[in-house]
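Read from first to last, the chains carry the letters A, B, C and D; within each, the first residue is number 1.
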Amino acid sequence: MSCDVTKNDFARMIAGAAAAIRAQHTMLSELDCASGDGDHGATMLRAVEKLEKAFAPGGSDDLKTCLREAGWSVLGVDGGASSSLLGVFFGGMADAAATDLAAMFEAGLAALRKQTKAQPGDKTMVDALVPAILAMRAADDGGKSLRETLHDAAAAAHTGAEATRHLTARYGRAKFLGEKTRGHLDPGAASVSLMFAGFYQGLSHSKGESGNA
Amino acid sequence: MSCDVTKNDFARMIAGAAAAIRAQHTMLSELDCASGDGDHGATMLRAVEKLEKAFAPGGSDDLKTCLREAGWSVLGVDGGASSSLLGVFFGGMADAAATDLAAMFEAGLAALRKQTKAQPGDKTMVDALVPAILAMRAADDGGKSLRETLHDAAAAAHTGAEATRHLTARYGRAKFLGEKTRGHLDPGAASVSLMFAGFYQGLSHSKGESGNA
Amino acid sequence: MKMKKFINQPENIVAELLEGFALSHPQQIRLVGNNLVARAAPKAKGKVGVVTLGGSGHEPGLSGFVGEGMLDVSVPGEIFAAPGAPRCLEAIRLADYGAGVLFIVLNHAGDVLSANLTMEMAKREGLNVKMTLTHEDISGGTNPEDRRGLVGFLPVYKVAGAAAEEGQPLDACFEIAERMGRNMRTLAVAVQTATHPSTGHAIFELGDDEMEIGMGQHGEAGTGRMKLKSADETAEIMLEMLLKDLEVKAGEELLVVINGAGATTLMELFILFRRVDQILKARGIKLARAKVGEFITTQEQAGFQLMIARMDQVLLRLWDAPSNAPYFVVR
Amino acid sequence: MKMKKFINQPENIVAELLEGFALSHPQQIRLVGNNLVARAAPKAKGKVGVVTLGGSGHEPGLSGFVGEGMLDVSVPGEIFAAPGAPRCLEAIRLADYGAGVLFIVLNHAGDVLSANLTMEMAKREGLNVKMTLTHEDISGGTNPEDRRGLVGFLPVYKVAGAAAEEGQPLDACFEIAERMGRNMRTLAVAVQTATHPSTGHAIFELGDDEMEIGMGQHGEAGTGRMKLKSADETAEIMLEMLLKDLEVKAGEELLVVINGAGATTLMELFILFRRVDQILKARGIKLARAKVGEFITTQEQAGFQLMIARMDQVLLRLWDAPSNAPYFVVR
């Protein structure tokens, strides 16, 4: 049994991600000062605002329509690498053949990976995204609930992000710093980890009507 | 008996003034930071170099010719207000009808005062120059030696310069600071005081051939 | 040190600066659509349009070069951040006068991502667009992909813009841009950091007696940190690296551009240029053209970019062609 | 904080910067005599020559404006220091093409002293020279003598230079310059000090949260120290003072110039301009022309000058006339 996800579930996940990013955007910009240009937190703030808007009450009830709209509007954040990649990611989720959570996230990841050659180990958001989505697939295949699935994904994203500390950047602005990036968390990976933590929190704690939790 | 001054005497006076300015140019620039643009020491350094050159061995033996050359070359220092005024001052000395020290300095002062309306009390170099030259005239009229005359002039210049601390600037860049200039020595007055101290020192301590000392 | 900038709400910086830019240059440019900077009088039908994209906070770059003889439309992003594909697509539609569009992209991760997405979308719409990437920063190593696009955008905009203005077809404009791109090399140096205008953070740290060669356009630190050098020594080190990389030989003709980062004075840039000229003369290399000023800045960062480009007769003619771009007027 | 400038020996700064300036603009200017900056191709006989003087360290001011349609010769002094009369006299002889010379002097103690001496000498030589003084800094109070010459030199060079280029006689050029001078007002503000490039000293001190209105061109502190304000508030305060002083009425046409001091970004200047434009619109005053950029800097000082000038049809025509001055090209 795979976890089907409703628009409403997704809206709560997005709200959780937005809260997590809002709480930590200063830290995200500080991370980006160490390895980039210091704007990552601001970009992520704008990105989650767009996501919330795409899922706000009054919009479409169709999850795929909302995701397409979310992707396009995150692309429009004009915030450099991360907003383009995240825009592609969310927009790509709408192209999933199936409607279960893991399939949608896999479709998002596939779309994102068409735009960047970065592999896990290259110290980018991919280091958090890939393990998170692998964990999602495993939980899903193992018949876990939506809540459990998001829990596992968040844990994997966190581990993946933390591991970027020991890596050398090979993509984005940070690659020009090479070895100097060692010791610093990658900002994009940190954001992804925060978003996945937020997905889980959003679904767990808010009093929604979904029966999947 | 008035103090006649030879080219050689004057060359020694100039050497003394140059030494005094060289020793204190950093302080002069610092004074100018408080009330102007911080360049006064550098300008004075270049000015005394020109003066030394005009009186260097191998040049004319005629004091007036040397002074005219000195004045023109100090004008060419391109150092703002102070080098123009000092250039006019030294050049003006060459126009003196008489050849005695006081008359020459009086002629220099007259030329300078045609270029500026600054009066004693306006917190400029005039505050040191006017009393110094009055003291010169008094010493000269009183029959003092060249050395004594320069001593009195230096003392008067010093007193005049020190008094600028309590004044408010009304000329030059410093006038835009108005009341804020109170408490600070005027850089131009400080330079004049140093130069007169140097005139005296130069004539006293160097082993020249002049019989006037 | 506290940031001391004349701004209002940080989130309004880009919108307000663009508004002020447009209001101060009504004869030359205007804002259209979603804050795109376009020429006040669009180009004649049948000519190639020239479009670029890039982050804000680098004024006059990049929008200061929209005008007759240079760009048709520029897509400004947020501070130091590439604009997304949606507005780039809008710009390309706008600059399509029936002869296709040349899309000039500086090699930075964010810009390239947006540009690639834009190209996909434009192709899906059947638009005729060619994209050229500038990557002349030799600090990135030997792989062209690792070389960032710095002030070299300036000659590329200029010669490609002039070719488009002359009525040359898209393929020719593209080839001119690529040729200019292949023949240029840049190296940047920083001595003092800037603050990010939205966050107030210092972008990088440098010791009181340090400078860094290979600094990126957005304050990303490079790898050539060293003790502060004199103007002459700095010019020597950087020019030698550039001449070697471009393999310049005696008798060749160069364009030299020195671009101030923000707080470095024109006074210093002239002093540096003097040494560059001396070295070129000593090696029998001809200085064909020079440009010294601020074309792309990084806030109040201190430092500069030194760019050299091998020129030929066609490139020189196009470089000399007229322009009324607000920050690059050529008679 | 240690000064971090690309210079060599401090005593060579001016000579080297002029050399670099000349080498980078061989088509437009050259150095003649004692480091005078003159046009590469002298004006035709029978036209009025236009000469100015001023300290260095303010690049591109003042020598950046030598060229067809603007100045004939500029006499650069040492850093922040007026040149002496001997070189000014040399410049005037050089710029005398048989129709006399207009000598444009910015009101600063040192410059005026030199200029007065120069005028005496020139008259003794029988040269036909008229001197015009710019003094538009309203922070000096109501007495014109107490008003410094700030960026207002720019429109004066421009309109007088254009009149001379048209072949107008000396009296007419002088009258144009004086008319422009009477109709302009400037106010400067500083938020961050600069270092003197020769000494490395900070020129003034300002608190971390302070700004100062009425700052002089050379970093001489003014008297309007206050808490740092937003861009909009700063523009409002300064523009109100200027409009009041010039007694501008609805319906009149203004030229607005915003000049960056050095480290203040064009980004900020645009944000400020936006507010200036809004206020003018609200009062029914017409923005006839605008110019935003760095025309006279004070090293890496942060701040700007806001200038307004009442224009008439003649002044506008001359302002729009072509120029090939390196840092003020008009097509």
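Observations on the model:
As a working rule, a contact is a pair of C-beta atoms (placed from the backbone, for glycine too) under 8 Å apart; a residue touches a chain by one contact, two chains touch by 3 or more.
This structure is a prediction, so every number in the text was calculated from the model and none was measured.
Distances between chain centres, each the mean of the C-alpha atoms, put A farthest from chain D. Look at where the CA atoms of chain B average out and do the same for chain D: the two points lie 33 Å apart.
Spacing of chain C relative to chain D, judged by their CA centroids, is 28 angstrom. Taking each chain's centre as the mean of its C-alpha atoms, chain B lies 54 Å from chain C. Rounded to a whole number, the gap between the C-alpha centres of chain A and chain B is 76 angstrom. Residues of chain B in contact with at least two other chains: none.
Residue positions of chain C with contacts to 2 or more other chains are absent.
Screening every pair of chains for touch gives A-C, B-D, C-D. Across the complex, chain D is touched by residues 29-30, 33, 35-39, 41-43, 46, 72, 74-85, 87-88, 115-116, 171-178, 180 of chain B. Listed in rising order, the residues of chain C touching chain A in the complex are 34, 55, 77-87, 108-110, 113-114, 116-117, 139-140, 146, 148, 196, 198-199, 201-204, 214, 216, 218-223. Against chain C, in their complex, chain D makes its touches with residues 1-2, 4-8, 13, 16-21, 23-25, 56-57, 59-60, 64, 191-192, 197, 208-209, 211, 228, 230-232, 234, 256, 262-274, 277, 287, 290-294, 297, 299-300, 302, 304, 322, 324, 327, 329-331.
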